[in-house]
Amino acid sequence: MPTLFPKDFKSVIEALLFVSGEPLSAQQISGILDVDEQDVVVLLKEIKADCERENRGFFLLEIAGGFIFSTRAEHAEYIEKLIKPRLNTLSQAALETLAIISYHQPVTRSEIEEIRGVKCDSSLNTIMERGLIDEAGRKEAPGRPILYKTTSEFLKYMGLKSLDDLPKIKKDELQEAVNES
Amino acid sequence: MVYQVRIPVFEGPMDLLLHLLDKNEVDIYDIPIALISSQYIEYLSMAEEIDLELTSEFLLMACTLLSIKARMLLPKRRPEGEEILEDDPRMELVQKIIEYKLYKDIAGDFRERELNQSKLFCREIDEAGLLKQFPPANPLGNVAIADLLAAYGKVLRKIERRREVMSIAREEITLQDKIDEIIYALAQNPGGLSFHKLFTGLTQRSEVIVTFLALLELSRRGLILLRQNKLFGDILIYFKDFKGGLESAHTVS
Amino acid sequence: MPTLFPKDFKSVIEALLFVSGEPLSAQQISGILDVDEQDVVVLLKEIKADCERENRGFFLLEIAGGFIFSTRAEHAEYIEKLIKPRLNTLSQAALETLAIISYHQPVTRSEIEEIRGVKCDSSLNTIMERGLIDEAGRKEAPGRPILYKTTSEFLKYMGLKSLDDLPKIKKDELQEAVNES
């Protein structure tokens, strides 16, 4: 049971927009807050005006029936400086997912998660977005899950002629690797 | 009348000891070892009655407490009246309890922090979106084949660790398991079960301890007799109804 | 070549904090903006004050050696309707193991078990898979056992600025506390 004053609703809406990676519609917000959709629209307009007046680092963008905070084009050069080094490397999670796919392909998401012991939706997205993996049809199994494989881009940038060039991992070497590091 | 026994569950022997010290409001530097060890062992038997499986570390601590109790009973003076400067046998345990209590309290602080922090949400980096906005020249960046192998090695190590945990959990032997095992072996060896053989082939320290405690328990319940035909010879274990030349034997039960 | 007025720097810093996803230090920001670190600190203070004064949906949190925007605790009930709340909390065993590692790092498994008096394999696995600890090489001792240390994810998880922010332990106070209880 919300006991917030209207002023606080604006703050909650800002918070929702802030954490959401996807555009939020006035209808969605009104459902979460249990507030009239018209009131939400008014508050969204206020938030938009606040961002402009105070020249904040981001503004409220209206797209496809939803609202999302977005950074300003004139700040792109600084954002690039921050982000470039990070895009130039893969996170440990993405690297592990890529390693599993390269040695086990074609492989389903749940098989990867089984091996890693954790969820990997986001790291799959990342390496897919980079064009390092691609879908490879569906597995003939219940639910017909999607299979993943590495791409020719992956081979090219790894400097490999084919998948056969991937360093072989022998059972006992593997065991040593397990024992050593 | 059936009544339910409710007993608290402890993280380990140190946690149980701390609880007993708190409950009895005793000075940690002057632990009444007889009282605490009897309450400790009482807890273990209560846990056993309701089939609460305790790890072997609980039993190991019971041994430690009994050993301290025994050392406290030793005379502090030599017959000539000469003072022996001997350390308090409880000191080592006291230090350990203090140290454990410290980290238990910090774990409590961590629990509060975890709760507070779980109410705060930060933005996830939108990597896919940023990749579109700033496409890198090389999708692998500075990642080389060695990094890929290292990551794969790390994954394999994780699997190995998970397996270890599972196998350890499987090999954990409870006191009741061991008692059942010994009773079965006794039935198979009506002519006497060799004490020596009972312990051969045991590799885990915890299993040795559990075996020994199982024998003590069976003996306490008056179910078995231990018989040693000569000093330092092998000890034979029998069911209590065994009737053969006990008078002449050097019993150790 | 930045042609922005100081006023705009504040907006850029907000933008960087907005996209980062990770805590940013004043030093990092000063490197990206090519602005004196002291000036960045002043601007960060202003941003912090702005968020409070205007009761925005997020505030500037100082954590894990940097600054990050975070939603407010009092809005959690609404945000949890949009985003799945964080995974299950840690067990008492995992918290105790983490407490010992945070004060003794780098530390081996058997050193931790010596203090806790019980096996720690399973809780070590849990906190490792959640990224709260990492391996820190091997100890020069028989068997060359693996050493463990906490990560910056640990600082974030516990809301700590740095390891110096851990509750202080004074040996004698501690003994008094034990005597009293």
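Each chain carries a letter (A, B and C) given by its place in the written order, and its residues are counted from 1.
In this section, a residue touches a chain if its C-beta (ideal position, glycine included) is under 8 Å from a C-beta of that chain, and two chains touch if they have at least 3 such contacts.
Keep in mind the model is a prediction, meaning the values are calculated, not measured.
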Most centrally placed chain - per-chain CA mean versus overall CA mean: C
Chain pair bearing the highest count of C-beta contacts: B-C
Chain whose average C-alpha position is farthest from chain A's own: B
Whole-Å separation of chain centres (CA-atom averages), chain A against chain C: 22
Between chain B and chain A, distance of the C-alpha-averaged centres to the nearest whole Å: 44
Distance from the mean Cα position of chain C to that of chain B, given in whole angstrom: 33
Contacts with 2+ other chains: residues of chain C: 18-20, 69, 71-72, 79, 83, 129
Touching two or more other chains - residues of chain B: 121-126, 130, 158, 162
Residue numbers on chain A that touch chain B, as the complex places them: 15, 18-19, 21, 76, 79-80, 83-84, 86-90, 92, 95-96, 98-100, 102-103, 115-117, 122, 125-126, 129-132, 153-154, 157-160, 166-167, 169, 174, 177-178, 181
Residues of chain A that touch chain C when the two form their complex: 7-8, 10-20, 24, 32-33, 50, 54-58, 69, 71-72, 75, 78-79, 81-83, 117-118
Residue numbers on chain B that touch chain A, as the complex places them: 121-128, 130-134, 136, 138-145, 147-160, 162
Interfacial residue positions of chain B with respect to chain C in the complex: 11-14, 21-22, 27-29, 55, 57, 61, 96-107, 109-111, 113-126, 130, 158, 161-162, 164-165, 168-169
